[in-house]
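The first chain written gets the first letter, and so on, giving A, B and C; residue counts start at 1 in each chain.
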Amino acid sequence: MGVSYGAADLISQFLVGISRSMILFIVCAGLSFVLGVLRVPNIAHGSLYMIGAFATFSLSKVFAGSYGFWFALILAPLLVVLISLVAERALFCHLYQREHLMLLLFTFALSLIFGDLVKLVWGAEYRSVAAPDLLKGSVSMLGSSFPRYNLFLIFIGLGVATALWVFVNKTKIGKISRAAAVDREMVGMLGINVSWVFAAAFVIGCYLAGLGGALVAPTVSITLGMDHTLIIEAFLIVTIGGLGNMWGALVGSLIFGVTHSLGVLILPQFAIIFPYAAVVIVLLLRPKGLLKSVW
Amino acid sequence: MFKGIVYAKSFQLAVALFILLLLLPPFVPRFYVYILALIYVTSLLAMSLNLLVGHGGMFQFHHAVFYGVGAYTVALMLTKTRMPVWVGFLAGPIAAMFAGLVIGWFCVRLTRLYFGMLQISLGSLVWAIVFRWYRFTGGDDGIHGVPMPPLLSSLNRSYYFILIILALSLMLLYLILKSPFGSTLQAIRDNPDRCAAVGINVRRHQLLAIVVATFFAGIAGVLFVVLERSVFPDLLFWVLSLEIFIMCLLGGWFTFAGPVLGAAITVALRTFVGIYTEYWTLILGVILILLIFFLPEGVMGYLLEILKPRAKEAAGRRE
Amino acid sequence: MLHVEGVVKSFDDFKAVNGANLVVGRGEIVAVIGPNGAGKTTLFNLITGQLQRDQGKILFKGEDISALPPYEICHRGIARSFQIVNIFPRLTVFENVQVAVLSQQKRSHDLFSPAQSIAVEKTQSILESIGLAGKGKNIAGSLSHGDQKILEIAIALGNEPELLILDEPTAGMSPEETAATMELIQCLARTRGLTILFCEHDMEIVFSISQSIMVMHQGRTLIQEKPEAVRQNKEVQEAYLGGE
């Protein structure tokens, strides 16, 4: 405290907040989507995010050179998809008829197993990934310098948002998923295999988790425990956004990311209090979230 | 009829077990005394959670927060103030109860899943504060070397104290479950809408249940400090909350003492598996999956299923 | 005793209830009839507070109960049974009724007295009066459908209501069970001085025991009259017989 910040600093932090929000949005959109269709908060979402980050680390080492990161960015989420598909087809799908609490506990079991698997494969050390050459360094914008990678994140975030909008509103699978979220019995009666719809939704959600992990890799130290921090934040965001609502995930992520970044200017050590406080305030005023829940 | 027989027998069994456990410490290595005491503390925590989950049908997803609040309160009072020990011991459950009241008040306005997720959110806030407020709570180092009165100076004495408090708490919990409050709570679990239609203020009742449950969680927190003489943020971490959930499921959450069994199995497994491998979490996850698929009524639920027809036979023979 | 005036309730664009009027006098037995989808259950839900009306008034003993939550309405003296069996499946039959009795005696919050010795007589007498006394220790979820429907009513009786609302009390019952249940209901009305409001599809029953019948169609009240007048009313005949 006692440091004065200029307008440029504020704007720059604000933009940093937005770019951080983009990663949160990508991950939370996945969580919200699964929550909307299956009505279960996927606790393993954080672990899949973590696997995405660690996999990006390994893959960018395998594909050394300036294109390494791009290969990793494409392949890491696919690896996560593979893992989640195996878990879903082998075990999860057999539980769709059971009560929701059982599904939730299953995802918790998965998160425990995946967490330890990461420890087994990658060990407990911190890892890091370098940003690709194309995205290193900063540009000067609006009076201060802004990392290129963060700009990239903003574009990717907008891209994912657009792709999701198209998917949910314009594609057949997307529309069926939305219908299944609201009334799964009806969808079943229309002759559609609800189990496949769930599988598709789950896989898409997990892809987004993996993608988020891959994108975050160059910006933070990749550690065990990433899954826990993420899943708490993701739950908070999804709750204030409105359960199952992907645009709610966007709004929630923006609130979370921006309050955190601006909070860093005020109380660097306790910056995390600001997004939490924002969450509490939102929930006091609108306990069911800002946007309508899907059901 | 047959219910009366089973419960009378269980009560006699429980008393016999209590006496056996009370006499145990001089005959058994220190390590086992410690593990048993840890099981007692965890049992109380799991029992307090089950009041809400198994008997109340509520999604209490972050119960560990109240345990941690109880533990930290007594640790802070005994290290930072000159209050007498017994005041500290009382302050723990009261603080936990207060936290339960505040967080519960927000949560009961919502149903099921929202209730659970809001609680995770608010509980995480408490955890984040404790984790980062280095000067007050010791941050992620926690607080160590909490002083205890001479009465509790040794491990064995702590063991006796913990066991006695556990027994008293279990008796209280039993009375509460068998009271009109308990019946109504279970009715709310079975059918909250019908309860509203028969004149029950469901929210108020659930809030009262939360206050009771968090009080006992706070007692468990105090007992933890008596045993370990330290506290750390992990006590409020949501992974612990879900672990206690698993204990209730493992033991059998529609039974009275199921959580005790679940806690005993989990702590024992965790300790002995921990000797051979550091991947206990992986094993816990596998156990949970096995439970979900094969034993959803829990171990005690399964045992009761087997015992019931036999007890009925015995009753039939008597008449 | 109960006055429903001009009540409207829509779900998004669908007007489930669109101008319902009902008068129930003390001590009467009143039936609400109408084809499926006429809005009868919705009307009941509005009266007992499960739903909030958009327009209109609901008065009970002179008090406006339109905005009260269900548990408050219960305390005012209205109890109800549900169309789809709505009991406490994991509790015993005795406990099912006892929950309502305890609520009535305002002892639900009692933490330290043993439940099994409280309100025993009251609960037993209710169970006896409906014929379930022998099954007190059975788990409610294991009863036959007919017994569960009777238990439905028993739970409502636990609240010592002045007005008892029964939503299709004999749905899914055999003819013998139906006759027995209706006799039971009439007997209870006499002995306990209950006012009864119910809805049914079985016209014989409706016309034989009601003192007043209200006919609903597409959310509206067509008429409310004595049974003979209803039987001869042209609009009613069209709505019911014309459509079927």
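Going forward, contacts are C-beta pairs under 8 Å (C-beta built on N, C-alpha and C of every residue); 3 or more make two chains touch, one makes a residue touch a chain.
The structure presented is a predicted model; accordingly, all values stated were derived computationally and were not measured.
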Chain whose Cα centroid lies at the greatest distance from that of subunit A: C
Chain closest to the assembly centre - both centres taken as Cα means: B
CA centroid of subunit B to CA centroid of subunit C, Å: 41
Distance between the centres, which are taken as Cα means, of subunit C and subunit A, whole angstrom: 49
Whole-Å gap between the CA centroids of subunit A and subunit B: 33
Contact set on subunit A toward subunit B in their complex: 39, 41, 43, 91, 94-95, 98, 100-102, 105-106, 108-113, 115-117, 119-120, 228, 232, 235-236, 238-239, 243, 269-270, 272-273, 276-277, 279-280, 283-284, 287-288
Contact footprint of subunit B on subunit C as seen in their complex: 48-50, 69-71, 74-75, 79-80, 82, 86-91, 95-96, 98-100, 102-104, 107-116, 118, 137, 155-156, 158-159
Of subunit B, residues touching subunit A in the complex: 59, 106, 109-110, 113-114, 117-118, 120-122, 124-125, 128-129, 132-133, 237-239, 242, 245-246, 249, 278-279, 281-282, 284-286, 288-289, 292-293, 296
Partner subunit C, residues of subunit B touching it in the complex: 1, 3, 175-176, 178-184, 186-187, 189-191, 193-202, 205, 208, 212, 254
